[in-house]
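There are structures below to look over.
Here chain A shows up in two complexes: once beside chain B, once beside chain C.
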Partner chain A sequence: MTSRLAIDALRDAVARLPDNRLSATRLAALDHLQGQGTPTTAHEDWKYTDLSDVIDISNQWLAHSAQERTPDVAADQINALKDRIDAYWLVIANGQVDESSVAVAQAAGISVSLLSDADVALDFDAPLANLNTALLRDGLRIHVEADAQPAKPIGILIVDDASSAVGVSQARVEIDLAERSTASLIEHHVSTGRSRHYANSIVRLVLGDHATARYVRIQERDSGHSQTGRLNVRMGRDSSFEHSAFDFGGKLIRNDLLIDLCGPGALATFTGLYIAVEGQHIDNHTRVDHRVGPAKSIQEYRGILAGATRCVWNGKAIVHAGADGTDAEQANHNLLLSEQSEIDAKPELEIYADDVKCSHGTTIGQLDESALYYLRTRGLDRRHAQQLLTQAFAQSIVDRVSIDLLQDTLREMVAVRLSKLIEGDIGL
Partner chain B sequence: MSTEPDKLESFVNRRYEHGFITDIDADSLPPGLDEGVVRAISARKNEPEFMLEWRLRAYRHWRQLEEPTWAHVHYPRIDYEAISYFSAPKSDKDRPKSLDEVDPKLLETYDKLGIPLHERARLAGVAVDAVFDSVSVATTFKEKLSEAGVIFCSFSDAVINHPDLVKKYLGSVVPQRDNFFASLNSAVFSDGSFVYIPKGVRCPMELSTYFRINAANTGQFERTLIIADEGSHVSYLEGCTAPMRDENQLHAAVVELVALKDAEIKYSTVQNWYPGDENGVGGIYNFVTKRGDCRGANSKISWTQVETGSAITWKYPSCILRGENSVGEFYSVAVANNYQQADTGTKMIHIGRNTRSTIVSKGISAGHAQNAYRGLVRIMPQAHGARNHTQCDSLLIGKACGAHTFPYIEVRNPSAKVEHEATTSKISADQLFYCRQRGISEEDAVNMIVNGFCKEVFKELPMEFAVEAQALLNVSLEGAVG
Partner chain C sequence: MLQITDLKARIGDAEILHGLNLQVNAGEVHAIMGPNGSGKSTLAQVVAGHDAYEVTAGSVTYNGTDLLALEPEERAREGIFLGFQYPVEIPGVNNAYLLKAALNARRKHQGLDEIDAFEFLKLAREKMALLGMDPKFLNRGVNEGFSGGEKKRNEIFQMAMLEPTLAVLDETDSGLDIDALRAVAMGVNALRSPERAIILVTHYQRLLDYVEPDYVHVLSGGRIVRSGDKSLALELEEKGYDWLREAATA
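Here is the complex of A and B:
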């Protein structure tokens, strides 16, 4: 049984948030949430992911730390993270937008503002999106002008520090890329601290006609922290969206990627890599709606599971009536390295048009014994042979990252993660 | 392809060939369902006490259940109180011993269906236990089978003559509480077939049953139980046609298969029930629970189905692979046309070591039909070395139809290998053009392409069924050029 969110305490917490243009929307979102309730495993979309722990953290937070001032995240920690990747960094720390980072980006010519300053209507959506709206202190709005091409990626650093108390944080970003613009975007989640933490983020991205977005999401949360995240993408005519997601950390992680192909000629390429070690639960849900044709979507997710872990991949492609000329590909490959790991994969197709080409492929297996043997005959010990093959399996996703200067950083992140995994006994 | 709309129209307007009603006085219970009805059914069949108790337990549980709504199908709410739960042909009391004694009107019905029972049975070497409106009427080749020690009889006979086998195996694969429709069936099942193949026996002929639905407003609740004892082998064929109806008819059958050590069961179905008219009015609701249990080591259960009929199909023939090295197979062709809706697939539950399963599903949608594949492959932690391959393809013919795939893959063992592939496409203009330029008519070309698409499944059918299935498909898709 999933525990219930303490709605009265939540209402008190919402009332304590700073009064700004979002106030009325927060209350309306709370009413929606109260009507919907939080998802349970009885819901088809949450069949394999139980949110009890997340609700428990939220209730604990509402009962105690929600009434206190939100702690700051140390500046040197933020700076160290920013230095890893060269980008225009916008920072949301413990759910609070760092206004100085906004000022820096503005000075560099990026059009960014606070949600409470901009007139952005937030629509009411799934329960966790409504929870996000209800508890939102403030968010970011990023606009890329028509034909513009920012010189560096625009980074959104979502960082949480739960060293002093149980924490719950919300991040919200609305991005629009006007016609013919091209931008690289990085969504980077990091958290530290020994207390329990739950982060919930919502990003909406609108691509104008002929716009191109290169998008990389990196999740490196502490192994005791949980996260639910949602990225909604709406694509115009001949627009292009290239997305790569990397899940390295966290305890319970649930990502929803929703892509709406609304203009003919749109191309969505989205890939993901999840590496789960001891005790992790990583759930990736993707849904692509082909509303018009011709348009194309290509998806590939790969997973590496070791220890007592569970990963979920649910890819859904819906081809709406009239979306002729649709081409949709889905692929999901998983490497199971431990007796206690579990993968639940569900590649779904719903097709209501006839001039379509859709396919999906899912594989679940382990390292190829003959490949291992080959490497051992070349003098590698078993552990190194395993590491090499696992790395090669992961590498194909890293190679597809379209933000070139990120590839080395990501390769390193993958190597670190895998060496941890291989150093432990992966039971082969 | 200027002729396409005309052809499509003629195809859509095709009348159901087997639509007629045999004028037989049916001995039916009034509509409605309560404990009294369950008792009445049991009493009419002179069932022993254990059977009545079993039915009542199922009925009481069913009362607490809600009808499931998760399938990708839409239909008006079924009023379970408006259905009559029992109907038997009048000649029930003195059962005929040979075909000569069978009501000539029944034989006439089979003739209309193109199934000359006796000739066909003799020629093809097939024993037919014909179920007409819920009660077995004619059984042939009984002697030859009994020589081999094979028990092939109606379920009612089995309850009376082989109560120990029934007690031991009934509900052991599909329990009374399994799901809404299985519970309903367990409470009110009218009749069905019972097969027991003794140890080491290879059944000397293919066993076959024709199911028909006749009297108006009568649901049909078949129950089939097949037990293959150690080292035995049986191939069972099931084929269906039904008369035309304006009202929807509910069919909630249960099929249970038990394969013990080294045994093999091959279960083939051609289903061609009334699918409703061109506006989606009428047609059979086919909500079936079929499951096989590979209980012993090295056992094998193979499901092959060709589904062309029914307004709504809700059917997932499954295998529980319990025994070591046991094998499960599912080969399916599902055709949905006009306003037909199909949500069908399979479940392969791997429990034993080195268990293997193969799923090949071919879905064809035309007209306004919705055709969904729904499958589950589950590898349990102890199923070391388990292996599954799933191939699931859809073919779309027409702008207004839909094809959907909902596969669930759950793997909890690192030594398992699971592969799933699916494709969806229409008949390509290139393929058609290629055939046309070689002088093949458009219609023949479409038939050829569709048959090629389904070939992997047809080759699994017993020969006489394969011929029937191919003909059925050609008729169903005549002129439906995509």
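Here is the complex of A and C:
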């Protein structure tokens, strides 16, 4: 049975948040959440992912008066990351927007503001989005002007430090790319500390007509920390969304990627790589709604699972009535390196239009023994051969990262992660 | 160099080699011929160390060491090279990367430094030119999308780069057009030296028009039933294998 969120304690915590333009919205979200309840495994969308542990962390945190932590965390780590990837970095640390980064990220064609200063209406749809809104101190709004092409990617660093006490943090970002603009966006999650932590992030991205977003999400949380994240994308006419996601860390990770193709000519390409080791649970749910045609969506997720792990991939494509000229491709490939690993892979297609082209394919397998042997006869030891083959499996996702300057960094991150995995160095 | 004594090997429940004896000395080229199913490929795989083949009796020594006690990669580092009958396609693993890793694994074993990137490229281009290969192959996935002939040339290219002490080529000549066959032969002849030995496993005599063997052995029913010089290959070409098979079972 899934634990229940301590709603009264939550209400107290919401009441203690600083009063700003979000105050009324928080209370409305809390009411919605109370009516909805948090998802349980009885919900089809949450069948394989049990949030009990996350609710438990939240209740523990609420019992400690929802202790706020200072936002000045892991400065060295933040600086190292900033040095590694050249971007306009915005930082949300321990659920608090680093206001100094907001000033720094202003550049030609980009304007960034606090959500409490912006006129943005928040939805009250999903329970975890309502939890996010209810507990939101503040968030970010990023606007890219029409025709703008910012010189550097816009980076959103979501960092948490759970070294002193159990923690819960919310991150909220509302992004819109106006007509004909092109921008690269990086959503990067990191965390440190031995205490339990739950992070919940909601990002909404609106693409104007003819806009292009190159989007990379990198998640490298501590192996003891959990996260739920949702990215909602709304796409206008002839807009393009090129997304790559990398899940390297975390204990329980659930990502929801929801794409609405609202304008004809829209093209969504979304890929993901999850590497799960001992004790990890990584769940990727994607949903693409083809509301008009012609439009195209191409998705491919790949997973590498080692040790006692469980991963979920659920890819849903809905072709609405009248969305003729839809082209939807789905693929999910998994490499299971241990007998204790489990993948629940489920492609779903719902088609209500006539002129559509849809395909899906899922594979689950082990490393090719004949390839391993071939490499060994060339003098490579078994581990090296295994590493090469797993890396080759992952490489096709790295190759499709559309933010060029990130390709080498990601290749290196994947290689480091895989070499540790093969050597059995990653455990709990 | 290689001493195989009374070797018996099986795959699953089927015994394929029933007591095979073979001695190969440095500087020699041996051709192993025989009909389909006679155990030629099994012999090649047992020498390379494929774990699907179980050795039930006999011994294989290589330069005085017990070869059967070594892992495939250890054999490779000791200078044994197997040219595959069916080279494996490995998409995503770059040809150049594999070759460099293979060379360095051997060099490390020999106590040498890793090969310099410039030196490696120079050497690779040189060998590819010799074998009539497009240098673009270096940056492609290992055998990925290669034609049958390209795969075999790639095996010979790897052999040329690794300069093995003992090369075992498992039907490298099968399915090749005349140009590819010549390239393979050129690669093999270039490797010939007093310190090295080569075993050519082949079904047909035609490779032996280009590579002259010192010895020809006929394998049938898991044993060597006849050994001779290159004239034996010509005799086989003329008479086929049936007369030997009858001799073996008699």
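Some points to look at:
Criterion: the second predicted complex is superposed on the first by the 413 of 428 C-alpha atoms of A that agree within 3 Å, B and C clash if a C-alpha of one lies under 4 Å from a C-alpha of the other, contacts with A are read in each partner's own complex, and residues count from 1 in each chain.
In this section, contacts are C-beta pairs under 8 Å (C-beta built on N, C-alpha and C of every residue); 3 or more make two chains touch, one makes a residue touch a chain.
All values reported here derive from a predicted model rather than from experimental measurement.
Placing chain B and chain C on a common chain A by superposition gives a fit, with no clash between them.
In the superposed pair of complexes, A:44 makes contact with chain B only, with no contact to chain C. By the touch criterion defined above, A:370 reaches chain C but does not reach chain B. Contact comparison for chain A: of chain B and chain C, B touches the greater number of residues. When the shared chain is aligned, chain C comes close enough to touch A:393, but chain B does not. By the touch criterion stated above, A:384 is placed in contact with chain C alone, chain B being left untouched. Once both structures are fitted on chain A, no C-alpha atom of chain B lies closer than 16 Å to one of chain C.
For chain A in complex with chain B, the residues that touch the partner chain are 44, 321, 334, 336-339, 341-366, 427.
Interface residues of chain A, counted against chain C in their complex, comprise 368, 370-371, 373-382, 384, 388-389, 391-393, 395-396. For chain B in complex with chain A, the residues that touch the partner chain are 70, 381, 394, 396-426, 482.
Chain C meets chain A in the complex at residues 48-51, 71-73, 75-77, 81-82, 84, 87-88, 90-93, 97-98, 101-102, 105-106, 109, 141-142, 158, 162.
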